[in-house]
Structures are given as C-alpha cells and as structure tokens.
Amino acid sequence: MVKIWGGQKNSSVRLSLPMVCFVWEIAMIILFGVFIRYNEETDSHWIETRKEKNISSDLENDFYFRYPSFQDVHVMIFVGFGFLMTFLQRYSFGAVGFNFLIAAFGIQWALLMQGWFHSLDWADGKIKIGIENMINADFCVASCLIAYGGVLGKVSPVQLMVMTLFGVTLFAIEEFIILTVLHVRDAGGSMVIHTFGAYYGLAIARVLHRPSLDKSKQGSVYHSDVFAMIGTLFLWMFWPSFNSAIADHGDGQHRAALNTYLTLASCVLTTVAVSSLVHGKGKIDMVHIQNATLAGGVAAGTAAEMMISTYGSLIVGFICGIISTCGFAYLTPLLESKLRLHDTCGIHNLHGMPGVIGGIVGAVTAATATEHVYGHEGLIKMFDFEGEFADRVPTVQGGYQAAGLCVALAFGIVGGTVVGFILKLNIWGDAPDENCFEDDVYWEVPEEDEESPPPHA
Amino acid sequence: MVKIWGGQKNSSVRLSLPMVCFVWEIAMIILFGVFIRYNEETDSHWIETRKEKNISSDLENDFYFRYPSFQDVHVMIFVGFGFLMTFLQRYSFGAVGFNFLIAAFGIQWALLMQGWFHSLDWADGKIKIGIENMINADFCVASCLIAYGGVLGKVSPVQLMVMTLFGVTLFAIEEFIILTVLHVRDAGGSMVIHTFGAYYGLAIARVLHRPSLDKSKQGSVYHSDVFAMIGTLFLWMFWPSFNSAIADHGDGQHRAALNTYLTLASCVLTTVAVSSLVHGKGKIDMVHIQNATLAGGVAAGTAAEMMISTYGSLIVGFICGIISTCGFAYLTPLLESKLRLHDTCGIHNLHGMPGVIGGIVGAVTAATATEHVYGHEGLIKMFDFEGEFADRVPTVQGGYQAAGLCVALAFGIVGGTVVGFILKLNIWGDAPDENCFEDDVYWEVPEEDEESPPPHA
Amino acid sequence: MVKIWGGQKNSSVRLSLPMVCFVWEIAMIILFGVFIRYNEETDSHWIETRKEKNISSDLENDFYFRYPSFQDVHVMIFVGFGFLMTFLQRYSFGAVGFNFLIAAFGIQWALLMQGWFHSLDWADGKIKIGIENMINADFCVASCLIAYGGVLGKVSPVQLMVMTLFGVTLFAIEEFIILTVLHVRDAGGSMVIHTFGAYYGLAIARVLHRPSLDKSKQGSVYHSDVFAMIGTLFLWMFWPSFNSAIADHGDGQHRAALNTYLTLASCVLTTVAVSSLVHGKGKIDMVHIQNATLAGGVAAGTAAEMMISTYGSLIVGFICGIISTCGFAYLTPLLESKLRLHDTCGIHNLHGMPGVIGGIVGAVTAATATEHVYGHEGLIKMFDFEGEFADRVPTVQGGYQAAGLCVALAFGIVGGTVVGFILKLNIWGDAPDENCFEDDVYWEVPEEDEESPPPHA
C-alpha cells in the first residue's frame, strides 16, 4: 500500500503527459469517426431540410438562438475559470494552462459521453451534434474545472487529465439520471454542474490530503489578485448567458438571463458588506470579492428560467453573498483543521453550498408553481409536462427536483472518493509537498532579470 | 461647519459600509417586490401572447435583437470601466472592486428609477422589465462610473454608494426630461450619459477638492498601464454595441454600429498623432492612448444612429482625438491650477468635452436631416415624428436636441455640486490626504514576499 | 546605398509619425466622402426596401446574422493579437499600442480597397458598406497584424503604418484574384489571411534582418507571459466566430463554428504533448501554449465550412499542434541561423505552416466533395457552382483551391520583399539594434518607484 500510494515523489511527466495526451486524442479521433456526425442544422443538407419542414428562414437554425450565449459560456470556461485561479503568487501558468488543457480534452469526451445519452440517433446509431451539444460540452467541463479549483497547485497535469476523464463520465451519467430519468429542470446546472463538480473536487481533495503542505506560497501578490479579477468579472458578466444558454427559446432564455442578472447584482452587495464586517478593521478581502460575488449565479442556476420573480432573484443573491463570504471566513479554516480538507480555491463556498441552495430554491419554486402565474401552456412548456410526464403536477415536480439534488451530491461524493484513491497511486507525477503551488515543477519559467532581485522569488 | 466638514479623518468603514449595503439591498428587495414584474417578453405567458399577437417566431422576442449588444455593454461597464481605472500604481483593487460594487448597486436602483419613468404599466401600477431595461440600467450606471473616474482614489466606498444613489436618481430625471419631454434622440447617450456623468463627477470633485493631496502615488507603473489597456480595448471594441444597443431594430442598430466603428478608428490616429506631437521627444503617452482613443465613441453617441454619413463619422473621430488629447496635455493641468479641480482620470477630456461635441453634432445632424436622405418613412421612424410630435420638423428637432444638451449639463453641474456638499460631511469614512490613491485603506492587501524588496511599495 | 539604407539610426518620430497619421486620416476622410455610402441594410431607406422586397422581419437584416460574430472577431483583432504580443518583458506598450494603431488605420483603408473590388455599385460608382464589410476589413487587417508579429520590437510605428498601407493593398488584390477570379472558397482565410500575412511578414523580416541584434531583452518575464495568455485565450475562444463570420447563413455558419471548435480542442492536446516531449525535463513551454494551440484555428480556415467531418477536424488539429510546436522548438532557430530570418513571435509556426496546411486541406476536401455527402443543392450552395461556374465540378475546384494557395504565397513573398526594401530606407525612425524590444524608444514609460530597484530594468 505504501509503495503505490506513498514513497518518494517523482514529478517528471515527460513520458506520462505526452503519452496520455496522444493516446486520448487518438482515441477521440477514432470514436468521433465511428460515432459523431453533423446534425440536421450543421449538415449541408439543411437547405433541403428547410424545404421539407417548411422552415421560413435560416434564422430558425438553432445557431442564431444560441451561438452568442455559447461564446459567452466559452469565455467563462477558458478565461473565467482560468484567470479566477491565477490568484496564487506563483501558479498562474498552471492555473490558466492546465485549465486550458483539461477543458480542451473534456469538451471532446463530453461530446461523446453526453451524445450517447442525449443525442443518439437510433436510426443509424450515430450521435448528431450541433450548437446545443457544444454548450452542453462546455457545461460538462465546467464541473471538472470547479473540481480543479479544490486541488489547484497540488496535483500533476496527468492527474488532472484522469480526473477529467472520470469527471466527464460521471457527469454524463448523473446528468442523464437527473434530467432524463427524473425529468428535472436544471438549465443553469446548480445541481448537475455546480453541486456535482464541487463535491467531486472536495472528495478528491480530501483523499489526496497532504498533512505537511507548505502553505507559504499559497497567498496572492498584488498583481495576481488583479489577474484573478479578470476571471471573476468575465464569469460574473456572462453568467446570465450561462443560465440561459440552453433554456427554452423566447421567454425562457429571456427570463433566465434577467433573473441571473438580478441575483448577481444583489450578491455583490452582501458580499462586500459581510467581507467588511468580518474583518477586524473593516477592510474588504479580495478573496471574497473574487469568489463570493459569483455565488448568486450558481444558486440561480436551477430556478432562473422559472417564474421565481424579480425580488425572489434578489433574495437568492442576498443570501448567497452572506453564506459564501461567511464560508470563506469561517468554514474553510474549520474544514481544514477538523476534516483535513484543504480546498485551495474555496470551491465549497463558491459552488458547493450555493449549488445546494440553488437546488433547494429550484425545488421550492417548482413545487409552488401555479397555472395562474405561468399560464396553462406556459406551465406545461416550463416543466415539459408532456408525453409520459403529462400527469405530473408542480408539487410532485418539486419532489423530483429535490431528488435530483441528492443524486448530484451522491455522484460527487462517492465518485470523487473513488477517483481520489485512483489519483493517490504513486504513478501520476504529482509534486512533493514543498513544491506545491509552484509553476516551476511543470513549466519552463522565465528567469527574472539578474540586475534586479526577483520581485516575488 | 468645521466639525461636520473638516477635522480628523476616520477612514474605517466597518460599520457604515456593511450598513449601507445591507439597508439599501433590503430596500431594493422590498421595492422590487412591490413594483417590478416581468414584461410580456420575459413572462411565461409569452407563448399565449405570441398567439394573440400573431407573432410568427420566438426570434421576434426582443431578447434576440438586443441580448448580444447587452452583453457587450455589460463587459464595458464591469471590465471596461473597471480596468480603465487600474492605471494607478496602487489602486487597482479600488478601481476594479468599487467599480464592481457601485455598478451592481446602481443597476438595481436604475431599474426602479427608470422603470417609474419609462416602463410603468398604468393598468396595474407595476414596472414591467425585460432586456431593454437591463441595457438602460447599465447605461444609467455608466454615468456614475464616469463620475467615479473624476474622484478615483479620493473617496470612500460609502461616498461612492451615496454618489451612485443620487447619480442614478438625477440621471433618471434628466433622461426623462430629455428623451420624453423634449423628445430628443440620444441612442448612445452623448448627452444623457456622458455629458451628465462627466459634469456630475467634475462638480463633485471640485467641491471635494483636497488642496494638500499627496500626488506621488498618482502615477502609473509599467504593468498597471497594461492592465488599463484591457479596459481601454474592451471599451473601444464594444462601443459600437453601446451606441446601437437600444437603437431602432434593423437599419438603426446596423447604422449606429457602423458609424461608431468608423468614428473610433479615426480617433485612434489623431490621438497618436497629437500625443507624439505634444511630447518633447515625440514619444507617445499611454494616458492618451488609454483615454483619448475612446473620445470618438462618446461623441458618436447621439448621431451614430442618424444618417451622419461615413465620412462624417470619420470627421467626428478626427476632431475628438485632437481635442481630447490636447485636453489631457494642456487643459487638465490648467483646471487643477486655476479652478482647483483635480480630475483623476481626466473624465473632462474623455467624457465631458466629447459628450458636448456629440450633443452638438447630433443637433446639427438632426437639424439638417431631409426626406431625400432619410426617405419619407425613414425620417419619421428616425425621429419618431409620430403622435403629438407628428408636426415637428428636423430644424425644430435640432433646436430641441441642443436644449437637451443644456439640460444634461445643468443636471450634471448643479446636481454634482449639491451631492458634493453632502459627500463633504465628515461621516463617510474618506481617507486622509496622505492615504489617497492607496488600496491599503479599504482593502486587505497581500504582503509582498519578504525576501525581496516590494517592487512598488 | 549605404546612405539611404544604413548609417546612424535616428529613432525620433516626432515629425514623421504625426504627419503620417494626419495625412493618411485626412486622405481617408476625402476618399470616404467621395466613395463610401451606406448599403441597403444600413441606410434609413431600409424600411422602404423591406416593403419592396417583401422582407418579413427586421431580423433578416444581415446585422442579426453576423454582428455577434463581428464583435468576436473585433476582440480577436484588438485584444487577441494585441495581448498575444505582450510576452516580451519590456515591449507591452508597443505590442498593444501599435497593434491598436495599425489596426485602426488598416480597417479604414481596407474598407476602401476591398470595397472597390467587392462592393462597388456600378450604378453610381459608390462603395456600399455594411456589417460584412466591417468583418472583411477586420480580416484584412489581421494579415497585417500577423506580419507585425514577425518584426515585433524591431520596427518603428511609421514603418508599421507603411507596412500596413501596402499590406492592405496587396491583400485586397490577392483576395480578389483568389476569391473572385479563381472562385476559391476560403471563409476563414487560411490562405488569403494567414498564409499571405505570414509570408508577407517573414519576407519583410528577412530583408530587415539585423545581424547584431541584442536579444537579451527578447525573453519574457513571469507576468508578461500571463498577459500574453489573455491574447491567446481570446483568439482561441473566438476562432469559431472568425471562421464562421462570413460563411453562408444557416448551416454554413453553424458547421464552420463546430469544425473550428473541434480542431482547436484537438490542437491543444498535441501542443502540450509535444511541448513536454521536446523539453529535457518534460516541462511545458509557455511559448508553445501561447501560440501552437492556435494553429488548429488557422488550419481550419478554409475547410471549416465544408463537410470535412468532425473527426477530420480533430485530425487537422492533431497534426497542427505537432507541427507548430516542433516549428518553435526546431525550425525557428534553424531559420535564424541558416536563413538569417529572425521571426520575433514565430509567425511561421503559427500562421505560415498552418496556413499552408489549411490551404491543402481545403483543396483536398473540395476535390473529394460529393453530392452524396453535401446533397445536390448543398453542394451547389457550398461552392457557389452557379452562373459562369455552374459547370465546375469538385475535382476542378480542388485544383483551383491549390492555385489559390500559390497566389497567396506568391503575393506574400514577393510583396513582402519589395515592401521590405522600402522599409529599409533610413527615413522611418527605427531604433538602433541595442534599443530593439524596448518600449522606451517610442513611449513615455513610467518611472518605477525609487525606493525599490526597478523589477525588470
């Protein structure tokens, strides 16, 4: 046991990293070749499809409904998550670079995994993809990037690739159970993305706990905090697009964007308030601003497309700003000292708790939906009370929503624990404790000018 | 008098800042609960509305006309304005962070204030909101962020919140007078947003003048100038969206984007030219590039949706680049020495003078409009010569446009002066003169590594 | 000869830069006044055009098909290219600032040059412009910014303006020959933009070779590499918009975006793999991540809108990541030592080779197109086999595509060589060898705080 899980660390990834990248990319090419085809709207037969289906304009191609939102989501995934994690004084390359690597791999694997569950054309056994699959792949990867936040600076790129492979796989299964089997609504993924991703990452971080970690490099420096604000702001600004990207056309997308906009605005104020309040001298902490201001977007994920009302949105943001900031101030230190759970970016405060809140808010909002508020057709459209679900009523839907939350939690915790033990194997090239939070281990770092002392050596 | 306006500064905001944030956010929740509802296009009854009104496609929901532009504007507000102000060597947290705080508060208050004036449904006394309100709220907040530029580094976050509360209120009133009462066109807000915002901020800066300010920290350092360029570029790139976001559907939005694109391109060249010309050794000054290149966008605000012609747009940019750069080089020092007006970001050069130019250009363009150029229906649509304004002719419209500019100026100067005296009260926690332009007063700033001397201590 | 091409360098641009900017901008205003008008969709007569042409909705205005993509492209041009070049330790102002200057000038000149070739209304001799012209102008400028990457840090702003003037001119001609005369498809510009731009820049760099260049300042520092990642990521994320911006409405844009998304994802994995493999200790090099990850987007430019298939896209990315990274590791040093070609940003690896690959992939994909795959109408629409080209078949089209690639190469190499000799004249204010890669020559650079030694003096 000691042999495979302990012993001397060898952080060289010169063989393992290229091998993993090559093998997995070749696997992707083969699987795409076998399984993935253009869907009706990306295929050049579209011109004929239009005539057959009597579609009046090219604008009815889903591309025009969703592409602007897709690009916003794409920015969140690569710049948002990437830069949010650059706050460490000497781990910016790893933050942005590994985020880039695992997201780029993850979206390919997600297209396959989600495709098998959601976009399989049973007529020919092929997965047919278009813009909605691209958005969903980005969403799926988001859960793995959230998990990365929990182990930032403590794992090797090979471990991250493994973590992403399993993460995407687990995501696709829990998503299928929640959205299809339980018929739950979760357009912005409070449960499916955030709750799962956070607890997946936390479980891994718990298993990989390093008791004698050198935390001196874990702080930020002035300009690294400014870089991190780039990530924060792009996440914050584009979150309305995240929560509305795959909502229903028309009022669905419109309402999801509006509600998220309001929740986020409200969240900023309580974050600032609590941040100042918990500091001895009333000073605001950048860690809170960088993270807790986003909690509202997480919590709005499930209910944003519902008729939660504008003030309901504000209330959700109000609460999340408080809980998330208090989480950073009080809960994170406690988790570490009591549960031996070191959560580098505080994903429990930004995605874990707000995700659970979002799931609960969604369940309550669904359970209290009425025809008066939604309209007869609006209610059916909102919850897809059609086909085999035509008889389901809002109160029952609320119960299923709550069940969905439990599934997300279970997949995150159990899946993360199992994957954690796999990642603990001593073959993945992770850095020794004293070199954690150091880009130098996996990156060629430029030497600073010799004439002046290195500013942050 | 001395007691409430002078005396020893106490910059602690531990009680006042959380209190203001909590009280105001709770007020927002209550007011939203009482007044704000989804409009027709964000409500789930939309599916029925579509049938009633015989709307052929979900695409006709205003969301699809304006959401991409909204997101661009949103980036301008939070990243654009935020990063533009990070140029100070040690005030980046305050620049980005307080910008974030007041914008998040301001958009909520703006939804209410603008809602009462423009989106009140008299049938039930409720404000009905959708994407256009979100854009307008961002616009409204822009005026307060402009004003922030004038007092950057010299005020406390509590003062900023007060300034934003009054700023949004004044904005909504002047906007109502200009757009509705005077029936003036100002799609990109040269007058309503920029002129008002700039003179509002300048009047406050004048009243709050600190004669013995320590200006040693007011300069930039190398990398803070690069951060500021992020703000500049996102403002510059998305300005066509800003000026076209609420223009008329179809050719209106299209033309506003094109004209703004041209004005901005032209403005860059004259900014570089003058910047080099006014420097003893022909070197270009980053302050000019960061700011004066944007003056064209400001000045295009009113006339961009009109048939100003493509070369007309270039001329406006040409002139603004020159005037704005000369303003930085010659006028700003003069204003400070003669008028005791210290304008941290040079908002007079970027928003004040170009805003006034934009108002004048708009008035002239309107006054010279003809049916030949616009087409019969085009002219009516452009200036909304309908209903009670059916008899107004272009020359008269030009006069009203000029009157609108005066209203914006008056609201800015008078309102700013009054608010300035309120902010001078010695209860808002502003920093003593020697601590201005220092994040350390309101922010928990990371300690630099001890092994090397702090690079910009 | 020595006199005009050698001798003492005088890097002052105090007269030449303002003069060039003013004269050229005034020329633009005059030429726009004579030649450029609003097109049908930007003109206020649109309301009447709609009725005449029986257009059912304002949404059919091309603005709504292309504006979101335009804004993404715009970000790539100004933030993407600008920040990508900030990696040098002391040339960030020049990277972002001169990129800004020449792009702003270039788009105006491009509107004219491309307008004469593609948008001239023979009825009145005017160029009619709208959103598609704006995108094409940005595209055209991209080729000049690519060329800038080859000479970054070694030329004066005046030289850059001259280089852009000729670059845009040459671009418009080769584009006309390739797209119109040869009737070649190149929506994302693998040939027209990237191949031409890269070889244009390389030829200039070759002619301007400085044998005794001081390369000590050519490296990066830690935070300049993080700034450069901003450029990389915005280019990477928005490349699907670049390749789809002017593709056919409907499936064309949709498919181009999807293919590019896949190619780029695949490219990241092989870049990381090869970067680690070629390093002695398996460490990843930021130069590769910043550049080679984008090679897939370049190579997807021609074929992205075709039915290249999803796994075909992955394969293109797979190959480009390998070739581009190997280019940085092995070819760039070779080019410099053997060919005396100093390529600051490695444009040969990022744009040159991948552009050629893209041209070849496009030719092969076109040559193998069948009615079975594209559909009868789809094939005609894809390659515009209409009018005088109605009889052309895919195999022939493949030949023409290959011919197009040769035209782009020829224009780049020959044009660049000629322009290089013009730029070698000793009148343009370029810096002496020892001051290359130094912002201080053309920019007013802030003095660092005196208390601490300058961090990167």
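Going in written order, the chains are labelled A, B and C, and every chain counts its residues from 1.
To be clear about the criterion, a contact is a pair of C-beta atoms (placed from the backbone, for glycine too) under 8 Å apart; a residue touches a chain by one contact, two chains touch by 3 or more.
Owing to the predicted nature of the structure, the values given are computational and were not obtained by experimental measurement.
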For the copies chain A and chain C, give the interface type as same if over half of its residue numbers appear on both sides, and as different if under half do.
different
If you fit chain A onto chain B using only Cα atoms, how far does it have to rotate, to the nearest 5°?
120
Separation of mean Cα positions, chain C and chain A [Å, integer]:
33
Where in chain C do residues touch two or more other chains at once?
56-57, 59, 64, 68, 223, 230, 453, 455-456
Sites on chain C touched by chain B in the complex
12-15, 17-19, 21-22, 24-26, 28-30, 32-33, 36-38, 41-48, 50, 56-59, 61-64, 67-68, 71, 74-75, 78-79, 82-83, 86, 90, 92-93, 96-97, 100-101, 104-105, 107-108, 129-131, 134, 157, 223, 227, 230, 442-449, 451-453, 455-456
Within their complex, state which residues of chain B touch chain C.
56-57, 59-60, 64-65, 68-69, 72, 89, 219-223, 225-226, 229-230, 233-234, 236-238, 240-241, 249-255, 257-258, 261-262, 264-266, 268-270, 272-274, 276-277, 279, 281-286, 289, 293, 307, 309-311, 314-315, 318, 373-375, 377-379, 381-382, 453-457
